[in-house]
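What follows is a pair of complexes built around subunit A, which joins subunit B in one and subunit C in the other.
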Partner chain A sequence: MNHSPSSDISAATSPQAQAATGRRPGTGIGKAMTIPGQVVSVLVLVLPLLVALYMSFTDWSPTRGSLFDASFVGFENYSELLVYDTRFLYAVLRTALISIICLSLEFAFGLGLAVLFMREFRGKSLLFSAFLTPMMILPVVVGYIFWMLFQSNGPINQILEFLFGAQACVEWFRSAPFAVTAVIITEVWHWTPLFFLILLSGLNSVPENPVRAAVILGASPRQVFWRVVLPMLKPVIIVAFVIRSMEIIKLFDEVFMLTRGGPGSSTETISLYIYKLAFNDFQLAYGAAAAFIVLIGSLVLVHMLLAPVRDQLLDGGR
Partner chain B sequence: MTQPKLELVNLVKEYENGDVVAVDGINLAVEAGETIALLGSSGCGKSTTLNMVVGLEQPTTGDIRIDGRSVVGVPAGKRNVGLVFQDYAVFTSMSVRRNLAFGLEVRKTPKAEIARAVDEVAELLGMQDKLDASARELGGSELQRVAIGRTLVTRPSILLLDEPLSNLETAARHAMRQELRRLQREIGLTIIYVTHDQVEALSLADRIAVMNAGHILQVEQTSRICERPEHVYVAGFLGSPPMNLVSGKLAARKDALVFRSTAFDLPLCALADLQAYPGEQTFSLGIKPERIALTNPGKGMISGTVTLAEPRGHESVLSVTVRGEELKVVVPVESQPAEGTAVDLILPPDALAFFDGETNKRTDILPEGR
Partner chain C sequence: MLTKRLSLVQAVLMAMALVVVLFPVFWILMTAIKPPTDWNASPAIWFPSQPTLINFKTLFDPAAIREYGVGGVSQAATDAVFGSILASVTATAISVAIGLFSAIGISRYGNGSKSTPLVILSGRMFPPAAIAVPFVIMFSTIGLIDSFTGLIAIYVAVTLPFSTWMIKSFVDDLPREIEEAAMMDGRSRIGAHLTVTIPLIKGGLFATTMFVFILNWSEFMFALVLSYTNVSTIPVQLAKYVTATAGTLYGVQAALAVLAMVPLVIVGYLIQSHLARGMTFGAIKQ
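The block that comes next holds the complex of A and B.
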């Protein structure tokens, strides 16, 4: 909290100062040099997005000629999705439910692990690497591994049988609640390490003195953690949630490998539904509209999540 | 004699199984209502001492007594000792009010009582209108006020302040210095400052304990410590510029006692005046820059050349080089000679201090009344 030096720096790099340097003569070459990058971003980002946006307002299907021959239907796809398509609605609700449960569990386990790793114990660095491993495995591979684990005669059922007898065995992919549970277990196993890693680095950067001050003021370790440490972690926690919620809204690979959305559509996530629309039913335009609804929904969600800490994050961490 | 508020008895703190000794057997008694400064450069063990008093660290050996009772082993937070950190360590996620209330909230004090205590402290610190502001919005001196207030709410019997002014700008420092003195008078707290800044120590404390390398070298009334340093480190640390220190030997020449250094010989007194001849040991001769007088060449005790003159308001600090040995001399700015001028120096015998070369402690060599 070095007030005078930091205020000096912020004065030098204030918006006015930056604007002034931006208007400096001779930056034409600089701007020219950004053109290749801008061209690439227009080609791979903006253009496909615009095409998809246009597509979402048509009734195009690849089996029926060119996109530009398809008839323009306005907001028909959108109104169909939002008003009549209960399968879409359920996919959204299901994804939301799975996300909330997964993120809560990942946060709880990640925080618990991070707190444990703030202490010294034997084998810490080995365990640290081990705990981070799941995160580095491809989602498809994780999905395949757990698909094998959850087979009716697979290791998980064998363990359950060994512990609790044959009646404890579960046909994981034949009943909706168990299929959802399997998806959640897989997802939590896969991504708890990310929460763990982010929260651990957050805990490590929590300044020491407020914690010591709280101890001196008579706070118990529990009070120190909940009242002082956790509030200081808030920006980090929110960033972790933003990153993870962006990922989990797009949940696809693991579910595809585990259940293909079944049984019925009981594990069908938004991504899986859009995939089926596009590549099973060839309703690409309709799928594009669904994707745009999800995009707008995620944008709103991220902004809402970030709102309480936006100033803090943009303010250089004060 | 009344019981001291805080007593440190042979306090030792070692790290890494004794390889590093941060605090090496210090003894200190702080009276109730007194303001004392632990003064020393960084790494001298003052912060470690502070941490042990407050309970963040446990002493290796020795005892800490508050009101006569040992608090070693009593957890921090149960010692009734407050600590204000150098960086204030205010809880930025809370409002000023919640910050102030924190110490009582965690003790499960009734809400009405907390509100009353918070209002009282806010009034004392002039922060009533800031109570609902977020701590994140506060400036340096306000943060410090919150840090102090947060501690005062818990009614500590001893308040420890770690470098209380060093993070403030000059104007805020002056205001805060006055405020701390006022608080101290109004509440009658026992305050211990830890600082590396002698101006801060001199302006705030009743007594100063100078620390170096894990030892307390001298504890003295603030008004006297500059006048009579008892240790060569204290002599070279206090004052701006600090005391000139020249090492040399005592020798008898004819019938006079002479201080001989590589740079100059200084006759001290007649041998006959001495009760005992101190012998040929090494001594450091100390003299304050203010006590050296300039005179024309040939008229003083030792001759030198002014190599640097630094005007400093109404006075000027001269560096006078005497055959390789540099002495600082403070003169009024109007009588400041130009750089390069040859001058003679007069060192009044009653301004001289001698420090034993072995023990580094002050020894009186010259007879009284000189």
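The block that comes next holds the complex of A and C.
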């Protein structure tokens, strides 16, 4: 990757280059400059995390007075969650299912659109902006818009009725499979533009020479795309998947506006379940334990995904 | 790649995609100008019978809607609009200012440690619902709950990784030699950064500011759990309109939604060439 002109992901600093530079002068100033950022991170991110970690080992709830008086219960919350709590298990599986379906669709649509944008046509820059619009709208509003669209007397049912007759109309929020479908459609509409944007910038920086060479050697356009172009896009594709996975694991706003987890708990994502535990049922300690299980799970997952492109992503162009 | 013209089939596909992308936007705009009689008509009305701005007016004067026979709208959205502006603008300014110094520090004097960014990225993965829990506890102890100070502090912390990493990617693009030349001329390191580095990344700084503003303006969950009466933001108010006493206030909600999304879409178009960089923590630079 070090000499790769193939993508706009910048190559990582090689260890040799770092060794050659050695310890630069002015390191003290550099450290001082990062202090405010570190202070904020510690105060507002690390400290709450530690509080949450401590809390997850207690049976604390706000009705029982101070956190420090709560009794220590060891791993009880964790074992309860992992062994007995089927609602948690379903929330995890549901989030995983929604994530996999959404990411696949977003990737497919995003790639298709990006490939179309490699062609010549008029009004390209205007259309480019138009296609990016969904990702600029705030999630709560997207959830609200689709909540309106999916009403039983809403436009989506009208269109279905027009196309397939009255029996095609669906009470979207009354049955589990349709409610999940509505969530997926909303999410795909909202975030396909991000895949489109990232993949298009990847496609634009594919070098011409390998493509020309393949064409001269008699490869069909299809072969050129699948065998030459797509492999070169791999780092970009992985970055897109990692970024989106990190966000979709936390899926909350849209679902909150669309279904609030209903009907029953059939569209409850992990975030929504934790939110309900903590702020509807006041089982704060239990909710914190759930959050740490999720954190560890997603850390493992994302770092596995990230392994091949870690340097490019994290060094962001040294 | 070898460029060709769009074929007819491809043009049709793209037109269909465009309709799908723009229809929801069309719908919210239309709903925002529907009079109350059209709000929940069955079947739904696509084009308002009598376009009106009454929904927008109701946001700032709840009594306005009564002339249409709709009662029980008790809450004005005025506080939410000002709350959103106050929280997002302040938090964005602080986040970018801190991020700027961290970015220069890491980019120019960093020791190439791989663990810091990993910690930051990991923080992004933690479900906000769970971070919100200790915040609620800590903030109620020190009296910051339901206060803008508390909300802004969280917004700064949550967006700091984005501002730091996005600005860092712009600083990285700048050759070191430019600053070194300034130092040869007798400027101190800090002086060189202030007079050379920062002016040269002006464009990037603007893009980052706008990007962080988008994040803050969109934030929902922290505002939801940390606000009761003093603090309100547009997303929280939008959720509240569903449970308001008058039933579901479709038109008014839509008006508020339009008010919330218009600034973001404008800002988004302004920095669209930098969106990928922001979203990917500076990994993709186009």
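Some points to look at:
As a working rule, the second predicted complex is superposed on the first by the 272 of 318 C-alpha atoms of A that agree within 3 Å, B and C clash if a C-alpha of one lies under 4 Å from a C-alpha of the other, contacts with A are read in each partner's own complex, and residues count from 1 in each chain.
Following the convention adopted for this analysis, contacts are C-beta pairs under 8 Å (C-beta built on N, C-alpha and C of every residue); 3 or more make two chains touch, one makes a residue touch a chain.
Predicted, not measured: the structure shown is a model, and the values here were computed from it.
By the document's definition of touching, neither partner reaches A:86: not subunit B, not subunit C. By the touch criterion defined above, A:71 lies against neither subunit B nor subunit C after alignment on the C-alpha atoms of chain A. Judged by the touch definition given at the top, the superposed model places A:51 against subunit C, while subunit B stays out of reach.
For subunit A, the partner touching the most residues, choosing from subunit B and subunit C, is C.
Of the two partner chains placed around the shared chain by superposition, subunit C is the only one that A:290 touches, whereas subunit B remains out of contact. Once the two complexes are overlaid on the shared chain, A:280 sits clear of subunit B and of subunit C alike. With both structures placed on the common chain, the touch criterion links A:218 to subunit B but leaves subunit C unconnected. After overlaying the two complexes on the shared chain, residue contacts for A:118 are found with subunit C alone; subunit B is out of touch.
Shared contact residues of subunit A, touching subunit B in one structure and subunit C in the other: 212, 215, 312, 318. Of all residues in subunit B, those touching subunit A in their complex are 54-56, 76-78, 81-83, 85, 87-94, 102-103, 106-107, 136, 139-140, 143, 147, 150-151, 154, 167, 169.
Subunit A contributes residues 1-4, 207, 209-210, 212-220, 223, 227-228, 231-232, 234, 312, 318 to its touches with subunit B in the complex.
Remark: subunit C residues 1-6, 10-11, 13-14, 17-18, 20-25, 27-28, 31, 40-44, 46, 98-99, 101-102, 104-112, 114, 117-118, 120-138, 153-154, 156-157, 160, 164-165, 168-169, 172-173, 189-190, 214, 217-218, 220-221, 225, 235, 238-239, 250, 253-254, 257, 260-261, 264-265, 267-269, 272, 275-276, 279-286 touch subunit A in the complex. By the touch criterion stated above, subunit A contacts subunit C in their complex at residues 8-10, 13, 18, 23-24, 26-27, 29-34, 36-38, 40-41, 43-45, 47-49, 51-52, 55, 62, 67, 109, 112-113, 116, 118-121, 127-142, 144-146, 148-149, 151, 153-155, 158, 189, 193-194, 197-198, 201-206, 208, 211-212, 215, 229, 236, 239-240, 243, 246, 249-250, 252-253, 256-257, 270-272, 274-275, 278-279, 284, 287-288, 290-292, 294-295, 298-299, 302, 310, 312-314, 316-318.
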